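Below, subunit A partners subunit B and then partners subunit C, in two separate complexes.
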Partner chain A sequence: MSELAQTSLEARMQAARKGQWRRLPLIDDPRWRWGIAVGVVVYVVLAFASVDVNWARVAEGAGRAVNFLSAFMQPDFVSRQKDIVAGLLESLTMTLTSTVLGVLLAIPVGLGAARNISPLPVYLVCRAIIAVSRTFQEIIIAILFVVMFGFGPLAGMITLAFATIGFMAKLLAEDIEDLDWRQVEAVRATGASWWQTMNHAVQPQVMPRLIGLSVYRLDINFRESAVIGIVGAGGIGATLNTSLSRYEYDTSAAILLIIIAIVLLCEYSSSHVRRWTQ
Partner chain B sequence: MPVSLTTQGLPVWKRRTTRAQWLQYVAWLLGISLFLICWKVISDNTMWVFVEDAGRQGADLLSRMLPPKWAYANVLWKPMWDTLNIATLGTVFGIMMAFPVAFLAARNTTPHPLVRSAALMVIVSSRSINSLIWAMLLVTILGPGVLAGIIAIALRSIGFVGKLLYEAIEEIHPTPVEAISATGASRMQVMNYGVLPQIMPAFAGISVYRWDINIRESTVLGLVGAGGIGLQLNASINNLAWDQVSVIFIMIFATVLVSEWISARVRHAII
Partner chain C sequence: MLTLSGVTKRYPTGDRALTDIELTLPKGQVMALIGPSGAGKSTLIRCVNRLVEPTQGSIRLEETEITRLSGNALRQARRSMGMIFQEYALVDRLTVMENVLSGRLGYVGFWRSFLRRYPQDAVTEAFRLLERVGLPHAIDKRADALSGGQRQRVGIARALLQSPKLLLVDEPTASLDPKTSRQIMRLIRELCAERGLAAIINIHDVTLAQQFADRIVGLRAGEIVFDGLPSELTSEILTTIYGEEDWDTTPEPMDDDVSDDSISHPPYAREVPGLAAGGAR
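Coming up: the complex of A and B.
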């Protein structure tokens, strides 16, 4: 293979001296390159053939799209103010409590899922918890928890906490797995117990990242809390869904603008906190 | 180093200074109070009667879900194909729109700072609205169907791909760009031969990564009527056909695992 590459490189150099130059392709092997290209074309044709669009319905909706855009120009924060405030309050409280609970629960799972500080059985159990919590969308978990705990913010909170466990524990475990082992050895050499090792060798090393990730997760949880209301798990999503099905686009526009503003605020402050801790 | 003296006058190491210690106490107090207030709000809005029999409900749910009704899987192939189409075509359209936006948003390729802030605004608003909300909007505008799903995924992808791509563009080496412009190349030629080859690997990686996320997201878009396997999920839940729901969950689980594996392999091959 390397000989082949060598000859092709020489051929390229010779062609370049004659003034003929072409850029290197992204995929070296021509068989792969053409195979992938043909596959893509076939797929796109098949896919477009199977997407049936009701153009009459789309044309009918165009008027609504205009209505919606004009609603964005003059959002209505006032007429459903009570619902919006209640939804927002629920979303924000859900976000905060679920992040706190999720992070607290994620710490033991994360410690258990780090191969270098935990025995194999514990490791496998913790990795299984992480895999289950990460694979399913929040909204699917929310459906199940709404069935179990009834409608309302509690189901949403448990959903978000559950999703937080997988996210935080995975990243925390990865962080612990590549921590500086010399510090752990130094603390152990003083005769420290397991708790003391965790507290004085591991914790100071992972703390900045843990704080940064928690703030980041807070931000994600708010975004998700705006969605899981659709299946009845409380929060601003329920208000948004109601306003859309009532065709009150000015209220929906107001809610969307509020969501964007809060997400922006969260993102700005979370990047600030992360810069400050690291 | 924070040191305190014992009664015998011997120095003792402490982890924090007195001031830092107090600040920490106050911060914890405030944080815990906030948490308790939030908990109070949630608990006031909860029907605790329903929570008390959660265990029984969960066991009941599980018994209804098992065994899965495997025959139902035959109905699911077409919706699954639709789901894959939503994710893939959505990703493709999203990338096509994200590409110019990223070039306009990167500090070193943007034509004007004002254009840059407009592009950043597009990226932020696309990122902060979940694809399910986009789908909800588009279903009311375009009507239910796969098209709404594709556009929802595309709109959500702009922000993600655009953000990562413009960060990649800002991190390129300036030397190849200088070399190309020194040959007298036009602005487009500099982009084409100086910038593009440097961001291509990152671009391919980001696209595949987003495709993988989009597969996950497109599985639930049907809950609001935007096509794909979520439609079947919604119908089964509304019929309380939990044995069908478990088949759908298994399908979703398998698809997500496969797409994650493909995406990991491709990204590994590129980087």
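Coming up: the complex of A and C.
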């Protein structure tokens, strides 16, 4: 084996002397290299072949899709205006409160889940919280909380806050784990307490990312609030769901356009905020 | 003032960084700690302020046994030892003034430091120190906007704001150019004299060590192999500290010494068996 590597190295050195050089391949053995590539291609082809498509059903649905798309050409913001405004306000409230609550709760969990600043038992508990929060998709959590708290925005808010904890705490913990440890040691060496070290050495290093992520999460939470409304957790999603089940596609179109506009706005402002915090 | 006895450090990885160190530092003495990389210089000064936990032995600062402290008592001991770092270790996103004032953290409560409401005398002293190190105009600059030499000055001001009795200095000049290095060493030296501080300075540069220290301690593989005056440092002693090397700067032709073990290469081997040696690896 090393004999082989030796001769191939000799060959590469000879070639390099003559000015010929190629980057080293990712996988050494050409048999493996080609075997894996062929295997992947075959699997992808077979996988596509195994999906069977009911073309009759697609043709039938296409008619409805055309209806829906033509409704987009003439969205109706007016006839259900009151419902839309109410749903929107509910969604925005839900988004904001859940983000604030989620981020506030995520900070201690994130600190605890960073192996370099927390003792092992705390670390394990916090990692477990993160794992639970991240295992379940928002819809599943929403269904659970709708069962527990009834229909409406309260269930939605708790769902989103819960999902925010896992998301923010995980990313915060990772950020803390690879911060510049020399700065932390320098502050500790002055005789600072644990909390002072957090405030003077850790916070300055992670704050920009924490703010950036919070704004990003605000944007995610707004989008999620539209989705979980469909399973009964209130907000604009509920309004959208109602309009769809009444076949009022022009109203649905109006709602979707509003959602798109708000998401774009969030996107735009969050990139601004992130640049500002650097 | 500072006494280390029987100090041993073994890292969890199994590296034995210090073996049975005996060292006494009188008040006001500036001691340079020299030795090759990996000799244990950083480990030694980090044991003193317990950034690293010594495995064995006792470290006494005046009357306090440092190795047994924890919690508040450890904070109090740490604030009487100022530390200066090779990579400056300023908090990049804080301003120069915040960095200097963080030297006061061991004296103020959490809320005061959180709200940056430091006592007036601390602020006065911080500004006076910034003037002393020549950076009064930089108070509101962010630390990462300064040059290397300026950052190290801020680092020095931070350490001094602790009102320390002892300075622990870890390769203060290793990231600086030769001129700035000398300025920084001179500054540290002067400040120690002004305030009667003792200092342990880890340093690579033997010439700087000889020029600015009262005493030189040589460390090799975790053991003290030299302890004496700068003037006593001869080529033979440098060889015991750093290993075989030609200490005069003029290169001399070497006779081929094949029997020499492979660890210490002859410094100026003339015939490099290039490809053959590379192929053997």
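Keep in mind that, in the parts below, the second predicted complex is superposed on the first by the 220 of 278 C-alpha atoms of A that agree within 3 Å, B and C clash if a C-alpha of one lies under 4 Å from a C-alpha of the other, contacts with A are read in each partner's own complex, and residues count from 1 in each chain.
Everything below uses one rule, namely that a residue touches a chain if its C-beta (ideal position, glycine included) is under 8 Å from a C-beta of that chain, and two chains touch if they have at least 3 such contacts.
Just so it is clear, the model here is predicted, and its values are computed rather than measured.
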According to the stated criteria, A:242 is in contact with first (subunit B), second (subunit C), both, or neither; which is it?
neither
Using the superposition on chain A described above, determine whether A:139 touches subunit B (first), subunit C (second), both, or neither.
first
If we overlay the two complexes on their shared chain A, which of subunit B and subunit C does A:264 touch? Say first, second, both or neither.
first
More subunit A residues touched by subunit B or by subunit C?
B
Would you check which partner chain A:256 touches, where first means subunit B only, second means subunit C only, and both and neither mean what they say?
first
Classify the contacts of A:157 with the two partner chains as first (subunit B alone), second (subunit C alone), both, or neither.
first
For A:231, decide between first (touching subunit B), second (touching subunit C), both and neither.
first
Residues on subunit A lying within both footprints (that of subunit B and that of subunit C):
none
Help me check something: in the complex, which residues belonging to subunit A touch subunit C?
6, 10, 180, 182-183, 185-193, 195-196, 199-201, 204-205, 207-208
Subunit A to subunit B touching residues, read off their complex:
23-24, 26, 43-44, 47-48, 50-54, 57-58, 60-62, 64-65, 68, 89-90, 92-94, 96-97, 100, 135-137, 139-140, 143-144, 147-154, 157, 223-224, 226-227, 230-231, 234, 237, 240-241, 244, 247, 252, 256, 259-260, 263-264, 267
Contacts from subunit C onto subunit A in the complex sit at residues 49, 51, 75-79, 81-83, 85, 87, 89-94, 98, 102-107, 110, 113-114, 155, 158, 162, 168, 279
Spell out the residues on subunit B that touch subunit A in their complex, using ranges where they run on.
34-35, 37-39, 41-43, 45-47, 50-51, 54, 57-58, 61, 81-82, 85, 88-89, 124-125, 127-130, 132-133, 136-137, 140-143, 145-147, 150, 193, 197, 200, 204, 216-217, 219-220, 223-224, 233, 237, 249, 252-253, 256-257
